[in-house]
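Some notes on the structure that comes next.
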C-alpha cells in the first residue's frame, strides 16, 4: 500500500517553503496567509494576474508565478480551495495600476473564495475581474448547473494571459481575452490508476484489471465512465476526436496541443501520446503551432493523462511564445 | 492493475519522435540509429558531450540535450543499454575539435556499449574520454566488483560538465573535472511502490503495506533492505545523514542539493523533502549553493525519491548556474 | 437616532449562543453540522476584538473576523454582509438599508444563490425589502424570520440544496435562521420595547 | 604470402555453422543460449556483405556488420577484433599478429575481462602470444583451442562468470570456443595441409 511521502503536520506549508527555497530569485513566500508572489514583473504589465486552488496539482499554480505568467498564487490544502484571505492578500500584493485578474478553475469552492476576495478588493477600491476556466468535456452536460470543470487548459490560459498582460493590455481587455482563450480550449482525461489517498494511503479508488477511467477529473473523483482499456492508438484517437469535435473549426492560425500527465505517467508515455495526437491533428489538417508536454496539471500521483487543444486566433501565438521566467513553465529565448 | 500508456510497437522510437516534435528549436532527431543531437552549441565549446542509457528515465538524457549541456544522447530500450552504433553515431555528430566526452552511468551494459563506441571513434581518429558516474551509496560494498550504480548525480554531473565545456576546456581537463564532480557526489533513494512493469503491467514487485525499499535503484530492481516506513522526518534524516557522511567534509564552497523524484512522486512531496533536507544541511553547517527539485532521473513511474548532494569546489557553482537551453533542465537568465 | 453597532453585535452574539443547539441540529439535518459553531465562534471573536479595538466600528471588526477567520461557506459570506454594512454606515448615518442591500448583492454575486434556493438569501431578501420600504426594525426582523422559516417548505431542485433533497424538508435552513437572528438583534437594540420573542423561540429545535 | 581475408571469413562462417549446435548448447549451460545464433548470423551477414561489396577488405565489412548489427555481448567485441585486424592488415601486409594484439587490447579495454575470467579473452591471449612468437598458424590455432578448452576447468570468482558458478564447470566457455574457430579458420586457409581436426571435433557437444 503506497503512501505519500509527506510530513504529518502542515504538508502544504512545508512544501511551499521548500518550493520558495528552491527558486529564490523568482518567487517570494508569504506565510500568513500562505501565498507566493513573483519577484520580477514586466515593466509594461498593468494588471496583476492571480490564480490559486487546491494543492496536489503542482507545478500549477505556484510554479507558474514569475515574470511573464502569474504575479501571485494562493494554494489551498490538498484538493481544497484556498481561503479567501489568501487570495485577497495575494491579490493585494499582485495588483497593478489597472487592478487584478483572477484565473479561477471552475469548482464551487474556488468560485466562492475567489469571489469573496474579489468583493474585499472592490471594497478597497481595487478593480477585479475573473477568468473562469471550464475546459473539461467529461463534465459537459445540460443537466448540471455547475458546468464543465477547470482542468488542463488552466496552464495554457495562464501562459497566454501572461503574455497578453505583458503587452500592456488593460483589465477589461484581458478579461475578455481570457474568456476567449477558455472558449477556444477543451480537454479530456483518462486514468489507469487512482492517485494515492493522502489521508489513508493506498489508491483512492480501485479499477478492475484492464479498465480505464474515461473522463476523469483532477481531484480524484471517479470518471463517469469506466471502460475496458482500448489499444493505445484507439484510446488516443477517441480522446483527440472528442476534443476536436468540441472546438470551433480550427483555421490557419493553428492550435496549441498540450499533453498533460496526471502525476505518475512518465514522460516516455506523454511524448508517445504527443506524437500520436500530433499525427491525428496533421490528418485533420490542424497545424500544431504551440506545444506543451509534461505533468503540469496533475491530480497528485494519478496514472493517466489529458489532452488539451486550444484553437488559436491571430496574435495569440506571440503570447504563447513570449519568454517567461517561472519555476516550472519552460519558455526561453536563445542567446543571439 | 496499472499498465503504461505506450504503443505496442516501438514505444521508445515513437516517444522520441514526439519529444523531438515538442522541442523543434532545441533538438534534432536521428532515427537510424536512434539518437538526438543539439541544434545549438556554445561557440567556445571544444568537446562534444554525449550521454545515453536505457529509456524510462526521462527527461534524462535526451531532455538535457541542448546548448549548455549535452550535445547528443542515445536512448536504449526501456531499462536497456543503447546499442554501440547509437552511441557511435551520436558521438560522431557531437564531436568537437577536441573530441568527445562520454558521460556513462555505471552499469555493465552501458560501460560495454559506450566502450565499443569509443573504440570505433578512436579508430576514426576522434579523441574520446569517459566520465563514469557511480554515486549510489546503496551499492557501495567492498564485495561487488561492479561498484556503485550511477543514479541521480548524473543530472548534476551533466550540468556541471556542460558549463565547464562551454568555458572552452579541453578533453583531458573535462574528463578530470568530471571524475571530480562524481567523487564529490553521493545519492541514496527510497521507494514506496515499484514502477509499473512495461511488459506485464502491474507493479514490478510488491511491498508489504507500510514497508519501504531503502536503497533502491533506477531500474526497478529491489533494494537490499526493506524496512517498515519510518516517519517522514526520520526517513529524510537517515537519508541525509548517510549521504553527508559519505562525502568529503563540505567547506565554504557549499553544496548542490538535488531532490529527485523516481516517477510517481509529486512535486508537493519533493518540495517537502527539499525543505526538510535543507533544514538538516543548515544544522550541519553546509550551505546550499545550488538546488534542483523534480523528477529528472526517474525509474519509470516508481513512487519514491532520491537525495543527491554534491560538495562544491571553487569555480564549480559558475558552471551550475550557467544558462542552459535544453528541453528539461531549467537554467534561465532574467532579462536585464 | 443612531443604532449602536457594538450593542447589535453583542446582542447578536448572545442570541446566537442561545440558539446554538438548534442551529447545530438544523445543519446536522441539512449539512455537516458546523453552522452553529461557525457563527457563534465568529461572533464571540468579533465581540472580543471590538473590546480590544474599541475605536474601530464594530461592523468593520466583525467583517475582518468573519472574512479572515471563520470557516464554512457561511463565515465569509456573513463577513461580506458586515463589510458592506461598514461601508454604508460610515457613508451615511444609520443606513442599515443600504448596507443590507449591498451586502446581499455581494453575497449573491459570490454565492450565486437565488431566493428559493434554501440559503441565507431567503432571510436577507425580505429584510432588504422591508428596510427599503422604511418599515420598523421589528417589522424587518419579522420579515427575515418569516423568510427563514419559509425555507422549511423548500425542496430545492438546483444548487447545493439539491443534494439534501427530501431529508431536510420540514426544517428550515440553518444559515437563513442564523441571519434572521441578526435582524432580530438589530430590532432588539433599536426598538427595545417591540416585544420580540426570545432567540430560542425564534429558532426552535427541529421537531419541537 | 598474403592470407586471403575473404577466404578466412567464409571458412569461419562455415566452421561456425558446423559448430552451431555445440556453441548453442554451451551458451545454454553458462548463459542465455544465443551465442551460436549471434556468431553464425553475424558471419553469414558478413559473407553476404562481402559478396555485395567485394572491393572493401573482408575484415572491414565484418567489423561493420558485427559492430552495427550483431547482438549479445560477444557481437560487438568480435567486431572490435575485426576492426583492429582491418587497421593492422591495411597498414602492414599480413600483420595478423598486430591485428590480434590490438583487437585483444580493445576487447579488454571494453570488456574489462582478464585471462582466467572464462571469456573469449582466454582464447585470444594464447593466440596473440603464439602469433607474437612467430609460430605457424596451425600452432596459433592449437594454442587458441587449448586456451578455450581450458576454460572448462574455471570456476570464476569474479565478473559475469561468477554468476554461473558450479553449473558450468566441466564445459568450456562458448565465446572462447567460438573465437578459437577463428584461428582454426585462419590456419586452414593459410596452411591447408596442416591437418587440423574438423570444427565439430574442435567444439564437441558438451557431455559427449
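Should a chain be cited, it is by its letter among A, B, C and D, assigned in written order, with residues numbered from 1 in that chain.
Please note the rule applied: a contact is a pair of C-beta atoms (placed from the backbone, for glycine too) under 8 Å apart; a residue touches a chain by one contact, two chains touch by 3 or more.
From a predicted model like this one, the values you see are computed outputs, not experimental measurements.
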When centres are defined as mean Cα positions, the distance from chain A to chain B in whole Å is 28
Note: chain D sits from chain A at a C-alpha centroid distance in Å of 60
Taking each chain's mean CA coordinate, chain B and chain D are separated, in whole Å, by 36
Chain C to chain D, mean C-alpha position gap in Å, rounds to 93
Going by residue number, chain B touches two or more other chains at none
Contact graph of the chains (line, ring, star, complete, other): line
In contact, pair by pair, are chains A-B, A-C, B-D
The answer for chain A against chain B in the complex is residues 1-8, 11-12, 14-19, 21-22, 25, 40, 55-56, 58-59, 63, 67, 78, 190, 192-193, 196, 201, 209-210, 229, 231-233, 235, 263-276, 278, 291-293, 298, 300-301, 303-305, 323, 325, 327, 330, 332, 334-335
Residue positions on chain D within touch of chain B in the complex are 67-68, 73, 76-77, 79-80, 83-84, 87, 106, 109-112, 158-160
Residue positions on chain A within touch of chain C in the complex are 84-85, 88, 108, 111-113, 115-116, 118-120, 123, 145
